[in-house]
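To keep things simple, chains are lettered A, B, C, D, E and F as they appear, and every chain counts its residues starting from 1.
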Amino acid sequence: MNTLHIIFFIFAFLSSYTFHTISSANDFCVADLSLPQTLSGYSCKPEANVTVDDFVFSGLVEGKPIAPFNSGLTAATVANLPGLNGLDIAAARVDMGINGTVPIHSHPDASELLIIVEGEVTVGFITPQKAYVKTVKPSDVIVIPKGLLHFVINSGAGKAVIFGALSSSSPSVHVADYLLFGNDLSTSVIAQTTLLDVSQIEKLKAAFGGSG
Amino acid sequence: MNTLHIIFFIFAFLSSYTFHTISSANDFCVADLSLPQTLSGYSCKPEANVTVDDFVFSGLVEGKPIAPFNSGLTAATVANLPGLNGLDIAAARVDMGINGTVPIHSHPDASELLIIVEGEVTVGFITPQKAYVKTVKPSDVIVIPKGLLHFVINSGAGKAVIFGALSSSSPSVHVADYLLFGNDLSTSVIAQTTLLDVSQIEKLKAAFGGSG
Amino acid sequence: MNTLHIIFFIFAFLSSYTFHTISSANDFCVADLSLPQTLSGYSCKPEANVTVDDFVFSGLVEGKPIAPFNSGLTAATVANLPGLNGLDIAAARVDMGINGTVPIHSHPDASELLIIVEGEVTVGFITPQKAYVKTVKPSDVIVIPKGLLHFVINSGAGKAVIFGALSSSSPSVHVADYLLFGNDLSTSVIAQTTLLDVSQIEKLKAAFGGSG
Amino acid sequence: MNTLHIIFFIFAFLSSYTFHTISSANDFCVADLSLPQTLSGYSCKPEANVTVDDFVFSGLVEGKPIAPFNSGLTAATVANLPGLNGLDIAAARVDMGINGTVPIHSHPDASELLIIVEGEVTVGFITPQKAYVKTVKPSDVIVIPKGLLHFVINSGAGKAVIFGALSSSSPSVHVADYLLFGNDLSTSVIAQTTLLDVSQIEKLKAAFGGSG
Amino acid sequence: MNTLHIIFFIFAFLSSYTFHTISSANDFCVADLSLPQTLSGYSCKPEANVTVDDFVFSGLVEGKPIAPFNSGLTAATVANLPGLNGLDIAAARVDMGINGTVPIHSHPDASELLIIVEGEVTVGFITPQKAYVKTVKPSDVIVIPKGLLHFVINSGAGKAVIFGALSSSSPSVHVADYLLFGNDLSTSVIAQTTLLDVSQIEKLKAAFGGSG
Amino acid sequence: MNTLHIIFFIFAFLSSYTFHTISSANDFCVADLSLPQTLSGYSCKPEANVTVDDFVFSGLVEGKPIAPFNSGLTAATVANLPGLNGLDIAAARVDMGINGTVPIHSHPDASELLIIVEGEVTVGFITPQKAYVKTVKPSDVIVIPKGLLHFVINSGAGKAVIFGALSSSSPSVHVADYLLFGNDLSTSVIAQTTLLDVSQIEKLKAAFGGSG
């Protein structure tokens, strides 16, 4: 077969066809974080400006353990890994000290799959009918269905390390305490709509920075 | 437990994590009506400009009854309630006088659920196989599947009030008469493609403002 | 035009074409509640068994007010209105007595649009950044974005009536109190992951039927 | 490189991995037409029973021209080409005699792209604002957006042949005349909700087989 | 019925309702190719600038046959037919000379339906388990499920003509040879990850314009 | 507040409301692997049979390194972790020996995010325009957009360990060599549609178990 013919073919083939059908937005859509968000995510960065580094994040390191929960967290989302835009996936790393905790929270827009790397932790999620709780260890994976309240407790003797994968490139995080006690929702409204005692609400508002 | 520690934790926890994962577009995306529409709806207004009033519409009042259909209509859609953007829901209110009618129409992009509040109305929708027709009254709800032609007739003795919910934040309304007789589609084309008589077409074009 | 020819045409046209392209599942898919659920909803009831009554629910009446929240609730979902299957919409009616409350809850899979029919109520929803709260009255509509915690308080002098539309035919209801205090999640786990006092948890577990 | 090693590798690699991750439903899902439809289409035929013939339909021939519309139609949809299940595409062939017509209709669930193969035809679609009409010929393609009423008229001197592609594997066909005049919807209801004359309705009911 | 009243009604009806609910983006969204792409496609051109020509492409002609594959290709995609935006459909025309070939390729984002118009061709697609191959002729259609590698060989005595419909308005084209041998991926990486011989890789890199 | 009243309320509230709106399918849908697959995944196991173990997989261990690629692989997908059904996420673990390789492959239905845990690897993915290649190490994450061919080479001095997250609960794996050389696709067809030499094809068919 004549190589020159092949080269000619390929150039002709692609110049006629790809002229109007192949664009980077078909193969990927790296976020242009400077444009307004749309309902489906960020607009696409022009392909000419895309490099392999748009698909790499180098900071999934151990997060600094913080008192009193004694857990650290880092994450790779579209905000620091713009190549994730539209791909419906993100990653997190959780480092938990002795007796460390991840407080009850939900991701309204993402399921989460936890890969236990080190230590022993107790993971739970809650439905209106039932709490599903399991103690897991390295080589175990456990999945939290989208939207459900869940928590992690370091139930082992040493530290624990977990990698998490989430089914959104920009997962929202709703920590129950912060939603209830960290803003200006008035104490009387909280009391009436949760039946918590006023003294309890005031104590946690003080802790979580809430006013009202 | 030491409150200061908790406050420190929360600030540290959220400042490290939410720095790159929590944005308003995750929790909602209020329409910026000044930007071009996209296939998924409007782009998001910056969160700093969002207030609770973006989620409220105060005009779902009784619409003025209009001759000869003797029905009035108001609606809350993304255009007057920008918080609906991306939420796939809208509301309407229909007030029908004696013998009032909602002419045959469809919503190509939305199902519609009617809540009967006052009076007695006959609701129908049509498939190629069959017409589904039911007379309903207060405490009844009836659903019209997406894309199907439907109508409402006030079949009771007094006025009727209906609330409607639609499964799109910006439902399109295709009134059959208006599509056929309200534009410049020529009489001969309509006759050939519907088998309606020319005299009938001309009469309705006069009524609905059509030319051609 | 010859009527017999037209009839012949229509029968021939439809017998050749509709033979393989028109089925009820294209126009609607009424739930067969006796078959297992799928990820996209229920399987479709055979069209021959479908009647207009599959699209009507006659029980959206005033719900019995219940102490101490003094609010009643009824709803039309796919379980009692099988024609809703796949249409991504449902309806609810809330009747609130003096000082009545709808406790803090979320719908992880649905947005909710509230149409105020009678009385004056205070509606709020909460994001990690902020609480959005508004007092609304008849002719107002207010929308709660999907997945967000929200509540309603009857803030007027008399009773209140609200119609709600939800963007799912089978919305899940997650009442915060019930998730936290209504099951067998142990008191120590709740305390560690919410920072609530043990005495508060025990009090609410007693109220909401929780064990552990 | 040692061939035996490679063979060993491949078998080992795939036996460990594909054991639980590769199934035909990932690559395709041929319709099992004997099971109930679901909202997402048909359930999948077991892969062992799938052959290449499930992906081929051999009847996209010229349809018999029918009086008085003088047009013939054949189609390949999931019902005769079960490999289309879930692929959101179907094909049709339209053969139009002199002065042939495709009456006004819509596909509520599919866009349609027409490829003109022979002859000259006038294609139109209608929105509430405007009719979009164009005379097209071989080498032209024209697209009809989903849900819009449209028609085709053979405006050339000879016969016309068109291939159509639709964005659903089971597109619904709503012919306006048949919906309005081909079932048991009563003449008085049609008159009240369309403003058509009773005599016109009765004439077309006679033609299209309607009762009532 | 009084025509003036009807006209009044229609104007009033539509001016109150359509003011905020009917816009072109509901009925269609013609691509504004000058704005950045989003994950759901292009932003919508203002309706006032849309004409019927946005929905028509006039170049689906015979593509110039190119040596050595001896096949020509033209296509109608959103880039030359902006009305396709969001409609999930596109068209292609393939003209194959004697012994012509369409090399192995995939469309990661589109299924493809081939309508054989002239000649006899052998079409095949490949899953991890099996190759599905069929020789087809005019009046046959064959579908290639999304994402699968496939090819076409002119196996008849004369030329062949095929129309293709794709389930994306902007299908990506991944020709295996071009992906492997047409860029700067190094020969040693290709050899290690495909087990192809270095001499074979160098030969095809020369043919397909690859470096490295 | 009277505890008995609260208990009464909760039971009454939930018995009236949850009777028809809360079911496990709203909160999760654990796969019933014994029923036929649907286009949206598996049907749901009855909630009464669901336990927390449906959400846990305990085998994400080091896979046995296999010659000559010297890499091992294990995965958690819906087949061994049925709680993943419908959650659009899965996990994999790759262990690579010295000079180990993951051959060029794609996942037509999933993006993949790689978390580097140990060692140094070179990861690449390929578009028609360009190869994107990066050498990464622990604390790096790199994402492969859906449908793109990609590979991993152990480019470090020691072994390497990678966790992968995929955006499908049942990702398909298309290894290029296996698709081309592991089935009964005839040598002449492969030669004609890839331009590979016959001797090369025969050599790899021998290695990958292909016939024809």
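Simple rule for what comes next: a residue touches a chain if its C-beta (ideal position, glycine included) is under 8 Å from a C-beta of that chain, and two chains touch if they have at least 3 such contacts.
The chain list, named the UniProt way, goes like this: A, B, C, D, E, F = Germin-like protein.
It should be emphasised that the depicted structure is a prediction, and the values quoted were computed from it without experimental measurement.
Touch-path distance (fewest steps) from chain A to chain D is 2.
If you match contact pairs by residue number, over half of those in C-F turn up again in just one of D-F, E-F or B-C, and that pair is D-F.
In terms of their C-alpha centroids, the spacing between chain A and chain E amounts to 34 Å. A straight line joining the Cα centres of chain A and chain F is 19 Å long. If you average the CA atoms of chain A and of chain C, the two centres end up 27 Å from each other. Multi-chain contact residues of chain C (touching two or more other chains) are listed as 1, 6, 14, 18, 22, 27, 38-40, 90, 108-109, 127-129, 133, 146-148, 172-173, 175, 177-178, 182, 195, 203, 207. Listed by chain label, the pairs that touch are A-B, A-C, A-E, A-F, B-C, B-D, B-E, C-D, C-F, D-E, D-F, E-F. The touching residues of chain F, counted against chain A in their complex, run 1, 6, 14, 18, 22, 24, 27-28, 47, 51-53, 55-61, 76, 81, 83-84, 87-91, 93, 111-113, 115, 117, 125, 127-129, 132-134, 136, 139-148, 163, 165-167, 195. In the complex of the two chains, the chain B residues touching chain A come out as 1-3, 5-14, 16-23, 25-27, 29, 32, 35, 38-44, 46, 85-86.
Listed in rising order, the residues of chain F touching chain D in the complex are 36-40, 63-64, 66-69, 72-75, 77, 79-80, 90, 108-109, 168, 170-173, 175, 177-178, 182, 203, 206-209. Residues 101-104, 106, 108-109, 122, 124, 126-131, 133, 146-149, 151, 153, 172-180, 182-185, 189, 192-197, 200, 203-204, 207 of chain C are the ones touching chain A in the complex.
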